[in-house]
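Structure first, then comments.
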């Protein structure tokens, strides 16, 4: 665990939190944040596509199935729990379901870096799994809200099909899927051309990105009390539960320890790029304070700092006992 | 009437494409947009993670101004961080805006 | 009175956090800020090395408008690159701003 | 007369240096500029490849306002994507702008 | 040809076109676009200057002469054709002449990358040729308009000398020429200091840039019908003609196959950074729909995707027959 | 000296000055400038922290003491001179004292690059010295103004303690100190992860930054006459004096020739990031024309172009005679 906390990525994240707690004037220009996001998505896509082109299809289909299964069911029980135990109203429960069913590309990147540093092998095609898990949960979350709301002929109620189209054409899945395909097609020669920009400095860029993430998470910390103890408990316990499930099923689907841990991390992670944007438009009655705080100020830091080493330990136990 | 108003809408930037499309459909001959940050009854909106605001300005006749405001009120006002206000302006080439 | 004014403040951006805090403390219910460049009696202010300007707009009642202007005048006007001006506007949902 | 107007010019950004120079030459004591995107009778102008717009605001007396508008009309209006409009404003320190 | 289409650069360009066709919300922040432009110009300049310092002058002067000759004459016949066959009015014909006589730094970069990938040798000093070809054609185009317009004492008619000054001091030639000189002066030691930023990741940055170029070209595609069949035909046939000429003359001037192909590509390319800006100010009556659409939505994609491999084949034929 | 002037960094700076003199439209987007600043501070911090972790404490404490001593006393005599000889009023004299006592991270970077190019050894922990020297002088400058002004119960007079807090939490010291600590903690493994982004392309990024610095310095040149001959003389002679002192004391404190030269350069440099921001808020009556012109248009160019080789020669003399 110490190796993880002492990585430049995690330390930069903590520095970002400190900076925002001491009210530093450090700010990333908006366009730097956007540029880093574009970079990360392209880099993940290219590398994943490249590795996917080297993997036999037989290795890929089982984990893919498990991944899709996970991200389609997580929103269901999350929604149920939020409604019954958390006493949230329909839109808020649905928004939280969408966020926790979907995945975080940055948490994913941190998981890759974690494994690279410890030199633990994982399946190179994991980015394609990431790409598959991003959208379904968001659609399911929004559909849950639609089903459970007395339908008024509301002019704001975009049809779910239209939302699906927008999500697929949305920045994050377009770049991820697009560059997966590009990485898949270009072969070694093409990979060598882009690797100096999109692979070699990747961990450095991630460090920069996590500094910015820390700045935002730090500011959100003051919203924690608005969410209350329930949200904090949920934001930590559910990821652990989802990680357990992900690791276990990943193992069954034939993934290595590393691959299973990463699948677990994906299941544990909550989206805070694609999901908030979609929920804001499709579920405006849901309060961003809840889902952004949970995803960004609770689950994200937990996963990055403590979750990763924890999931790794869990994976070791699960994989050895089987 | 042909008196022209400058109507300013400040809203969550996620709504920009929809609002821009709708005001043109309702008769505005143009608009000018810029990215702003701000605070009102909702949270501070000043970063890309949580979203910023868009400021849309359009010069329109009084009729169209009223029409747009009614539409915004019905569709957005209760659900989104948003304000709208207007005041009369003098323009060069009035027909440009009608 | 409850007539609403749009008060615009253009000032050195270093002052932004202070001014935003102060106008809210003096009763403004919100504000909208954006980064601008400009020139006046002081130097051209158009780059990050020497500093740019911030434009802060706030819709407030006449009383609060006056209060803010008096405060700005006392605290900043002689020492900083800064201007302020206002004019009446018509808003949707007047109570949003009071 | 000394009544002050806020004159707003929205134009293709390529014209910014020229317009800023000219309005100062014609007597404006300052201006504030920002980058905006927009649509009017010409194409949508919202990216750097095809060019965006500049919004130039200047607080000037009625005379100078008229002078600037006449100049803009003669030199630019037919050939460029551009609009201009103005309305009276109340300022602090009137002499700052005269 | 497949190798070209399957390069990350070209695929990124196509992805950009797709993204804008499916109305993706993917957008590059303005400042990223500007930063990438600055990067490309500096990188091209530095490398070209460095290579120029290694080349004997006797190798350079003949190709330079040919290049300047090309970019001074292309606007002449382009203008004539536009007026007579295309039935364009003076300002529009002149603007198109300026665009097609001038050159595109991004097309040039793609040509370099194309040759690098196929491991075909070309003269390292080609960037200095690029720098020479940028401005003259724009000035000639604008002068053509001035000569052919009844001179009114118009207050917008900037003297051509002033326009020349502005173009020379303009971002793109200033960076290109400035860093050519810097690259020339700093020697191997200096080159080694900047190569990790300006050489190693160059193809990756170009990939990013072409993604953005695709986004814009894709949006422009819907303007194609405004230009009509004539513009489409012109935007494809003229580049081929100019490429032929460039390759043939390049060969005569002693360039290698690679160098001749790149000179041909330069002749074939149309400017869409320096020329549009200059024409907008100096020829405001010309309609950007024509020249931007032709340069950006027709000629640029054609050159990048099909032109490059085609010109390469042409060069092989020409150079073998001679 | 020629090696210095012919480095890409210095040439880019000169090109920037030329560009702004010929009124080029070349501009860096604001967010690129901000991003480069963030990059430089992180890069300096990380590398310095990493090197600090490898240095025995006994090597570090003496130079640190000297550095702090320098930056606390420089403002004192600068203030005195400005008041008496320069006839500046209290706020302007205090602001100049703050600027010249503090340090410039970019000048520092240029000094590192200068030594790297000439392959002269210097102590790797110098960035921690930079970090120590940034803030004290600014606080002393501001305090000098407070002490020497008849205290009115002014609502703008922020308490100095508050200013200290803001400076410490300010972007530049937060990043510098934060990443010094991170670089110190992460060890070789962590360093290897970030070096491809934050070390390998460093000189290239510095070249870019100096191009932008040149653009701004060039524009400021026209303000030179406002400052007058006194300011020009001061802006050149004082840095030389401070460099002499820094080199001499650095030598006494056990630094190598390289280390002593860098300490001298730090002493010679004037802040133009942290100090102007702080002075603008705390000493609004001071006129930026004076301190910005002196720091940015006189001392900075002098140090970068002529100062560095000069200080190096001085250091050779001083270190050999002792």
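As written, the chain order gives the labels A, B, C, D, E and F, with residue 1 at the start of each chain.
Here, contacts are C-beta pairs under 8 Å (C-beta built on N, C-alpha and C of every residue); 3 or more make two chains touch, one makes a residue touch a chain.
Computed from a predicted model, the values in this text were never measured in an experiment.
Listing every chain that touches chain C and chain F alike gives an empty result. Any chain bridging chain B and chain D, meaning touching each of them, is among C; the list is complete. Just to note, of A-B and A-F, the chains joined by more C-beta pairs in contact are A-F. Taking the mean Cα position of each chain as its centre, D sits at the greatest distance from chain A.
The distance from the centre of chain E to the centre of chain F, each centre being the mean of the chain's C-alpha atoms, comes to 41 Å. We define each chain's centre as the mean of its Cα atoms; on that basis chain A and chain D are separated by 46 Å. Contact with two or more other chains is made by residues 34-35, 87 of chain D. Residues of chain F found to touch two or more other chains are 25, 27, 29-31, 34, 201.
The list of touching chain pairs reads A-B, A-E, A-F, B-C, B-D, C-D, C-F, D-E, E-F.
Interface residues of chain C, counted against chain F in their complex, comprise 12, 14-15, 35, 43, 47-52, 74-76, 79-80. Across the interface of their complex, chain B is touched by residues 27, 30, 33-34, 155-156, 216, 272, 276-277, 280-281, 284-285, 288-289, 292, 296 of chain A.
Of all residues in chain E, only 6-9, 11-12, 15, 18-19, 22-32, 113, 117, 200-201, 203-205, 207-208, 211 touch chain A in the complex they form.
Listing the residues of chain C that touch chain B in their complex gives 4, 6, 20, 24, 29-34, 59, 87-93, 96-97. In the complex of the two chains, the chain B residues touching chain C come out as 10, 34-41, 46, 53, 55, 69, 72-73, 77, 83-87.
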